[in-house]
Every structure is written in structure tokens, then in C-alpha cells.
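Structures given as C-alpha cells follow.
The following pair of complexes shares a single chain, chain A, combined with chain B in the former and chain C in the latter.
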Partner chain A sequence: MSGSRTIERRWQRWLIRAGVFVAMAILCIPGVWVVLTAFRPNIEVLARPTVWIPEIWTLDNFRRLFGFSSTQQGLPVAAYFTNSLVISLTSTVVALLVGMAGGYAFARYSFRGKGALFLAFMLSRTVPGVALSLPLFILWSRLGIIDTSFGLILVYMAINIPFTIWLTDGFFRQIPPDLSEAAQIDGCTRWQAFWKVEFPLARAGLASAGIFAFLTSWNEYALASQLTRTTASKTMPVGLMDFTAQFTVDWTGMSAMAVLIIIPALILTFLVQKHLIAGLTFGGVKG
Partner chain B sequence: MAEVTLENVVKRYGQTPVVHGVSLDIAHNEFVVLVGPSGCGKSTTLRMIAGLEEISDGTIRIGDRVVNGLPPRARNISMVFQSYALYPHMNVRDNLGFGLKIAGLSKDEIARRVNEAADILGLDTLMDRLPAHLSGGQRQRVAMGRAIVRNPDVFLFDEPLSNLDAKLRGQMRVEIKKLHQRVGTTIIYVTHDQVEAMTLADRIVIMRDGRVEQVGTPAEVFETPVNTFVAGFIGSPPMNQLPATVEGTAARLADGVTIPLPADIAPRLKDGQTVTLGFRPDGFSPAGHGMLTDAATVTIARDILIAEPLGNESILTVELGGRDVQGKMLNPRPLRPGERVDFTLDLSHLHVFDGESGRNLGV
Partner chain C sequence: MRFLRSPRAAPFLLLLPSIVVILAVVAVPLVVSFWTSFTPYNLTRPATLYDFVGWRNYRRLMGNSDFWWAFGRTVVFITIALNLELLLGLGLALLMNNIRKGERTLRTIMMFPMMFSPILVGFMFKYLFNDAIGLVNNALFDLHIISRPIPWLVDGALANLTIILAEIWMSTSVFAILLLAGLLALPKEPIEAARVDGCNPWQVFRHITLPFLMPFIFIAMTIRSLDVARAYDMVRIMTNGGPAGRTELIWTLMVRTGYQNSQMGMANAMGYVSILLSIFFTVFFYRKLVAARSFMAGAQ
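Let's look at the complex of A and B:
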């Protein structure tokens, strides 16, 4: 009995591993292909039959991107990058500040309409972003904030704040109210008690909320493509479309730019990773 | 000097009152214990004194200052929470010194006072540990240390021992008592455990449903409870309470047993009036196994239902007046269930309560 059981378990384990492998392959191979394409010449990428293993490595695609090439004009990558950074960081910081205050209020205070308000925030997350693009476009054009960083920041704040509130509410709930009361008895004002005791304890949660908000803004394409026009506000993902022409797509250039988009996100994720994991389990297990 | 005075303090949540006009005078350096079953308003009262809960009506004074509208930090109090509420991200030293740092004391002064408190509570070797790496008893001591370093006018304790096991609770009780004898600060202590109340308090405040039932020294509330609630709450095992009907100078129990009423109370009662007779297990013992007393007694023969030996004494359960009644047997001998034993009831400690209001008629 026990022998066949062990075999069965081993068999199951292999099945699970195979399943995980397939799932990871589906997730990773396109990403790997993009990175590989970024370092290959166009001729190899378009070759028939397909060259699976790169034979020629090159940085030409990046040179072209930054305008160091003699054959092709550069793209305003620096402007796109700056726009992306300004828009993502600003919307993240504001979303964190507002979301933290909101999450704290939901966790600590009872007020009229609290349940309904919370539900409304959550429901706002269920609306697909693209469905908002036309109304937003009309509204933004009337307000004259089409093709401005401010317009995009406003959109990303609206997307990120409800999620940040939801996430930080869970984290503040984990912190017993006794701690802030003890701090107040120890001589703190309500505000000091928050900054000196509750805020440090919720840092993990805020780190996770921050990275989620940043990545949402950094990677967003659908709305940004509608609301931006020029280098005044175009972000990196929108800039990718500069590589498409009526009949051709510059795959290598596009991939090189995609790599530039991935790098900051990757760096940030690594920096916050420890907090992120601790944060997710801390908030999730007991929440 | 820090007396604490409560005048008709009321707490309402919306329209629902939870504390109905509590008045108390607590003297400087007094150790007062608020005790009562859960939901009686004792913790709410403490939190109102701390300033963590707004008061709906009435006046609270600490010293000669009215503190009604003052935030907790302006009241010069310190508090030990049931959950200890130690700051999880600070080590023991920083937990102890937090309040002093907020108050803006110099580093040297903070170190001096923290070390002094650590010394009193035996925390010296734990100073660099985080609360997560302390045992329950150690956390409890840190919480007490955090309270004493600030040298407050009043200590507030909110069920500080209820998360500890029985043995540790006994030890910490002694430490708290020692602490009070050493620092002498006014202490207001909340508990639902009447043993803690009896052992620690200078005076006990017994609360029920947001009202004060009785205030008195442990001996007073034990010997002269004002009503059946206090009589049943204070003392372990609790006082036996039997409904009875007055017949002349005696009271007849449901099973027909008559018990003579105290001479000072009997004349005030009418025939046929319902009363509740109360007596503690100490006053109801097998002949020759009770406390020696010159007082008048009656002898009642009963069959033993349950005998619980505790070594130096046994708690016996018998049926009397249609109810289970507990008696105490000193220098016990083994008893079998069903064995018939002559009990003597000490009449000098017999309490007579009004059958309806439960008020003690002898007070």
C-alpha cells in the first residue's frame, strides 16, 4: 500500500512540476524573447527560417535609440523616460499619502457610510480602464489637460488611491489600537503616536502599496495612449508605438526600448522585494 | 499629591448609557481596584480617567485639576494595558525610555531613569531584546517599567494579569504590591478577578451594569456585602444564597429546614416575607471541622454529594433548601458520596437579604 502511495505521490509531484514549468514558460518566454531581440540585429530577427539561438550580439539598437547611429535618427527617449518617471513617481507618492490617510481612517474610525464608501472604492476597481478612455478623453480635452503630465497623473491617482486604501487598511487593522493609545499616554499627540509607532509598523504594507502603484502607472498603456500626444507627456509604453510604421515594425528598436522600460521596474522591485514579501504575507495571512 | 475624584461620570455610546453616573474619591497613594463581571463598565471608567474615552457627563479631577477635556498626555498618568501594548519595533530600553524621549529629557537623564526602573523590575539583562523575544511575564514587567519611569501622578492598570498563567499571575500580584509599597503612587486597577481585587486593594469598587454597587476595604465587602450581587461576587467559593420565608424569628427554607434569624433583624421582618439567607462556606462545616467560634450555631444533617479535597481543607457540596450548597471542612477526613454528616451553621455570619431587591437587611 505505502509503496504504491509513494509512487502516486512522486507521479503527482512530477505532474505539478511539469505544470509549473509550462506556466512559467508561457509567462517568461515572451519576456526573454524581447530581451534577446533587443541585442540582435534586425536581419537576424527577420531571418527565415527563424534563428532561435542568437548568433550576433549587438548594442546597435540602443545606439539608434539614443541617436548615436549614423544611419537613423534617434527617438526622444530621454523625454519619454522623464515623463514616465515624473508621472509615475508623482502619482505614486500622492496615492501613498492619500491612500495611507484613507486606509488609516477606514481601519481606525467608524463613520457614517463607511461600508458603502469602501464598497464603492472596490467597485471602482472592477471597471476596466479602457472603458473610461472615451469619457476621460472628452472630459480632459474640455479641461484642456490633454497631453499634459498633470492629466495623466490625475488618472493614475484615481486608479491607485482606492487600491492603496484597501491595502493599507488591511495593514493598519493588524496594528492593535492599544499601541497608539499607549503612545498617547506616554506623552504623544495623536499625530506623533501615528508617526512614531503606527507608521513604522505599517511600513511593509506601504512599501507593497507603493510598488503596486508605481508599476501600475509605469506600465499603463491604454489610457496614456489616448491622453498623450507629444513629448510633453508621452510615456515610455506609448513611445513603443513610435517603432511602428504603416507597413513595418522595427522589432529590435521596440525591444530595446522595452528593455529600458523593464530595468527601472526591476530595480525597484528588487529594492522593495524584502518588504514586499513580508508585507504581502503580513497583510494577507491575518487579514 | 494626586487624589482622583469622579463626580457623576456618565458614558454613553450614542443613546446607550454604559456608565451611569459613577462617583468615587480616591485618596493620594491609595490602591483602588475596580472589579466586576465583563461589561460592567470598569474598563470604560478607567479609560475615561486615562483620557482615552471621552466622558459624556460629569467631572473627573486628578489632583485639583479638572481633566475632562484634557488629552491623555496632559494628565500625567501612565497605564499598563491588558495586551501590554509594547512597541514591537523598539527594544526594551527604547520601550522604557519612549515617554521620556517624547518629554524631551536629556540622554543621561533618560538612561538614569530607565536603568533605575530596570533595576526595580529585574529587566537589566533584557534591555536589548525586542518584545517578540520576551516571555509573557517579562513583557508584563516591561509594561510596568514603562509606566514607572515617567514618575506619574497615577498608575492605571487595565486587567494586567489576565494573559498570564495562574502561577505567574500569583508572582506578578506580589510584584505589583511590592511596587506600590515602594513607589507609593496612586493606583487604579481594573480586574474581573475578585482574588486580585481582595489581595491588592486598599479599597475595592464593585461594579455591575455601569453602576457602583459597593465601595469598601476588602474586609468590608467580604464581611458586609450590601446586596446579593456583591455577596456572590466576592469570596471563593461564593456565598451560599438560599430563598426562605420568614416565620416568627426564624426563616423556613424550601425543603422545610428552619434557621433562626439574627436577633437585630428578626423584629423588622413580617411573617410570610420572602428573604434570601446568605452564608459563606467557611461558616458551614461538619461538626468539629470548622473554625472555632463561640457564636450560636444550628446543626443540620446532610448527605455528601461531592467532596473536593484541597489538602488542608475540603470543599463539600450538599443539598439544602432545594439548592446545592457548599461547606468547608478543615483538617479533613475522607468522605464518601452519600455519607451523612452533621453540619454546624455559624449564625453570627448569617446574612439576610431582601427577597426582592437583594439588599442586605443587616447593613
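Let's look at the complex of A and C:
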């Protein structure tokens, strides 16, 4: 009796492992394949029969992107990359500061119309970027901030502020108000009490809000594709899309660019991955 | 002036920057696009922005079969994608819940697709499912399952299937991670008690685990329904609505109408329909979330 049970258990355990293995393979293979493509020459991509593991490893595709190649004119990828970095980092930092102030207000004060205002912020996030791009295109053209980093930074701030408010509101509410009150009795101003007591405690929440904001801005395409025109403000996702229009079959070049898009996101996620799950579940469950 | 110095002004001042940004980037543009949807505004003729034509754009949309196809396809697409993502995500979370060794590494791998830009996912699947040089066809070919390439992105029905696969690949992790967090928070006692009372694993899952997971499922659904329109990016790079409009979603049709045909008035009318669609899905799941939460609170 007990013998058959253990056999059954072992079977189950192997089934579970096999299932997890298959799932992980499906999650990994597309990314791995693109990375392999980025480091192989174009002949291997077109070769028959299929070359599974690159026989020739090369950095040519990256050289080509940055214009160091003699055979082909480079894409302005360096400019796209800088734009992406500047726009994403600025909008993330500013959205965090602005959103944190908002979240703090929702967590610590009661005022008239609080519920309605909170709902309004959240509803503003449900508007799809594509739909918003139409009027923004009209307005930004008339204001003269189309094709500027500033125009895009402003838009990404607006996208990230509601989510930051939602997350920080939850985190600040977890911190008992007594702590900052005690600090104020000890002679701190409310401002000092915030930076010395509440801010350090909410840092985990801010980290997850920050990474979500960064990833959203870094990966955004629908708005960027309409609000940018030239290398003055084009971001990496828009550049990747341009690639399809310019060279229909340059899979290796596009893969190299894809690798460049994923690396910063990968680094950032590894740095703060511990907080990521906490950030995602937190606000939602505790409400 | 005195109000600004009073303590009652504090929350107002703290919220002021957020309110200003949201007004400038969301509220005002929404008013503009609302107005534009009642004009024949054409980018090539700026003066048309001030002609009021009433419901004409909306009436034309209602009579336009292309629009209805795109709308219907979008609703079906969202429904199929969200349901499959939930099922697969739940399955993955249940599997992961039984793994004790190396679960941190596995969880990190699970997060990969969340870091990917939708446009990047679109590119990857366009490449993997390319009929001539794609990994999928090559693998099927080498395994002698097929003798001639499958036209994944060239055939209308297959293109829709491929897009749904890409969407599922991108978003199943969101469900898996949230539901795994729910499973890890699951109290052990009721399950032990049910086992002692002779419940089989399915009964335990059906009557204890699943009800407990419900709020987590609705959080995941709410978060996901916030950015269903991300599918636009993917479709844009994979097929751009083709072949012959067979993968056209409401978002791609809107962009084509607005920027390529310069019919901003009509495009904004579609934009409003798409906004209402997004709000509908989000509010629908949010209300379920609130209901599930109060149910849980009652049970505790």
C-alpha cells in the first residue's frame, strides 16, 4: 500500500518537473533564438538545412548598427538609445516624485472628493495609448513640442503617475502614522519626518513603482511612434519598427537591436526583482 | 493666499502636480478628441477642425462593415487571450507551487516576458513564425512533420492564431506570478482539514484553493485589461492588419484612418469607441474584484 503510494508520488513529482521544464523552455526559446541570431552572420539565417547553433560568432551586426561597418550605412541607433535612456529615466524619476506626493496625500489626509479623485486617476490609466495619440498629435503639433524629448517625457509621466500613486498609497498606508508623529514630537518638521522616517520605510514600494515606470516608458511604442519624427526624439522601439520598413530581410540587424532593447530592462529587473512581486500584489489585495 | 498656508491645503498642494500633468496629457486631449469626433477634421485641411457635423462620424462607423469586423475581432481576441492566459497562468502557478528547488531562478525566468516590449515580442514572433526562415517551420521541417512551409503570417486564420500565441506568450506570466503569490499566501489549515475529512485533490482545489485565489485572479484580470491595447504594437509589426485586413483590430484601423488617410475626425470617433471598450473591461473586472474581496472579508 505505502509502496504504491511512494511510486505514485514519484511519478507526480516527475510530471510536475516535466511540466515546469516545458513551460520554461517555451518562455526562454524565443529570446534565446533572437540572441543567437544577433551574433551570427546573415548567411546562417538563410541557410538550409537549418544551422541551430551558430558556427560563426560575429559582432558585425552590432558594428553595423552603430555605423562602424564599411559595407553598409549605419542606423542612428546610438541616438535612439540615448533618447530612450534620457526619456525613460527622466520621466521615471519625475513621475516617482510627483506620484509619491500624490500617494502620500491619499494615504495620510482625508479631504472632500478623495474617492472620486482617486478613481479619476485610475480611469485616466485605462485610456489606451493609441487612442490618446490622436489628440496628442494634434495638440503637440500646435504647441510645437512634437518630436521633442520634452513632449514624450510629459506623456510618459502622465502614464506612470496613476500607477505610482496606487502603489505608494498602499505602501504609505502600511506604515503606521505614529512613527512620523513621534518624530515630530521629537522636534522634526513634517517634511523632515517624511524624509527621515517614512521615506526609508517605503523604499521597497518605490523601487517596484520605479521599475514599472521605467519598463513602461522604455517599452512604449504606440505614442512614441506618432509623437516622434526624427533622431531628435525617436526611441528604440520606434527605431526597431523603422528597421522593418527599411530592410525587409535584415533579421540579424533587427535581432542585434532587439538585444540592445532588452539589456537595460534585464539589468534593472535583476537589480530589484525581489520587490517586483511584492509591488504587483500589494496594492491590489490589501486594497 | 491664506488657504495655501492652512493645513487643509496640504493634500491639495501635494496632489497639484499630479492633477496638472493628468489634465494636460489626458483630460484636455480627451476633450479635444471628443470635439474632433464631431467634425470632419482632416489633417490636410486644418480649417475643417471647426465644422460641426453632429453624429455623422459615429453614424458612418455604425454602417461601416470594416469597422464592425475590426471591433468584433478585437472583442473576440481579448476574450480568447484573457481566458487562455488565465488558464495557462493558473496551471503554471500550480506547477511552480510544487517546486521547492531553484524556485527563485524559475520565478526570474517567468518574469522574462514581462520585461519585453510588445513591439519586441511582435518582432520575435514575426521572426519565429516566418514561413521561409522561421524557427517553427524549420523545426517542424527537420522533424519531418511537414514537407512544405506553413504560411503562418500569410494566411488570414493562421495569422490571427499566431498573434494570439504571441499575446499569450507575453502575458501568461502576469497571471502566473500573481496567482503564485496567491498560492503562497494560502493558509495551510483548511486544506489539511479537508484532506483529513477525505476530500480528493480536485475537491480541495475546487472548494478551497480556487475561492481563495479569486481576488488574485481578478487583480490579474484588472491589471491586464488596463493594457489590452498593447496588442496594437504587436499587430503593427507582425502583420499591420494584413493580409487583406484579416487581422485588423480596432486600434490598427484607427491609426490607419487617422494618420494614413488623415481622417482625424473619423479616427477620433473610433478612438472613443476603443476607450469605452477598455473602460468596460477594466470596470467589469474591478467590480468583480471588489465583490470577491468583500466576500473574502466576510469569510474571515
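Criterion: the second predicted complex is superposed on the first by the 238 of 287 C-alpha atoms of A that agree within 3 Å, B and C clash if a C-alpha of one lies under 4 Å from a C-alpha of the other, contacts with A are read in each partner's own complex, and residues count from 1 in each chain.
Quick note on the criterion: a residue touches a chain if its C-beta (ideal position, glycine included) is under 8 Å from a C-beta of that chain, and two chains touch if they have at least 3 such contacts.
Treat the numbers as computed from the prediction; the structure is a model and nothing was measured.
Enquirer: Considering only the touch criterion stated at the top, classify A:A116 as touching first (chain B), second (chain C), both, or neither.
Expert: neither
Enquirer: May I ask you to decide whether A:T269 touches chain B, chain C, both, or neither, giving the answer as first, second, both or neither?
Expert: second
Enquirer: Once the two complexes are aligned on chain A, which partner has more residues of chain A within touching range, chain B or chain C?
Expert: Of chain B and chain C, C contacts more residues of chain A.
Enquirer: With both complexes superposed on chain A, which partner does A:I165 reach: first (chain B), second (chain C), both or neither?
Expert: It touches chain C, and chain B stays clear.
Enquirer: Looking at the overlay, what does A:A183 touch: chain B (first), chain C (second), both, or neither?
Expert: Only chain B; A:A183 stays clear of chain C.
Enquirer: For A:L136 in the superposed arrangement: first (chain B), second (chain C), both or neither?
Expert: So A:L136 only meets chain C here.
Enquirer: Report for A:I53: first if it touches chain B alone, second if chain C alone, otherwise both or neither.
Expert: A:I53 contacts neither chain B nor chain C.
Enquirer: On chain A, which stretch or stretches are contacted by chain B in one complex as well as by chain C in the other?
Expert: No residue sits in both footprints.
Enquirer: Mind pulling up the chain B residues that touch chain A in the complex?
Expert: 50-52, 71-73, 77-79, 81, 83, 85-89, 98-99, 102-103, 146, 150
Enquirer: So in the complex, which bits of chain C are touching chain A?
Expert: Touch list, chain C to chain A: 8, 10-12, 14-15, 17-19, 21-22, 24-30, 32-33, 36, 91-92, 95-96, 98-99, 106-120, 123-125, 127-128, 130, 133, 135, 138-139, 141-142, 169, 173, 177-178, 181-182, 215-216, 219, 222-223, 226-229, 232-233, 236-237, 251, 254-255, 258-259, 264, 267-268, 271-272, 274-275, 278-279, 282, 289, 293.
Enquirer: Quick one: in the complex, what on chain A touches chain B?
Expert: Those in contact with chain B are residues 176, 178-179, 181-190, 192, 196-197, 200-201.
Enquirer: Please output the residues of chain A touching chain C within their complex, sorted ascending.
Expert: 13, 16-17, 19-20, 23-24, 26-31, 33-34, 37, 45-46, 49-50, 98-99, 101-102, 104-106, 108-109, 111, 117, 120-121, 123-139, 154-155, 157-158, 161-162, 165, 215, 218-222, 225-226, 236-237, 240-241, 244, 251, 254-255, 258, 261-262, 265-266, 269-270, 273, 276-277, 280-281, 284-285, 287
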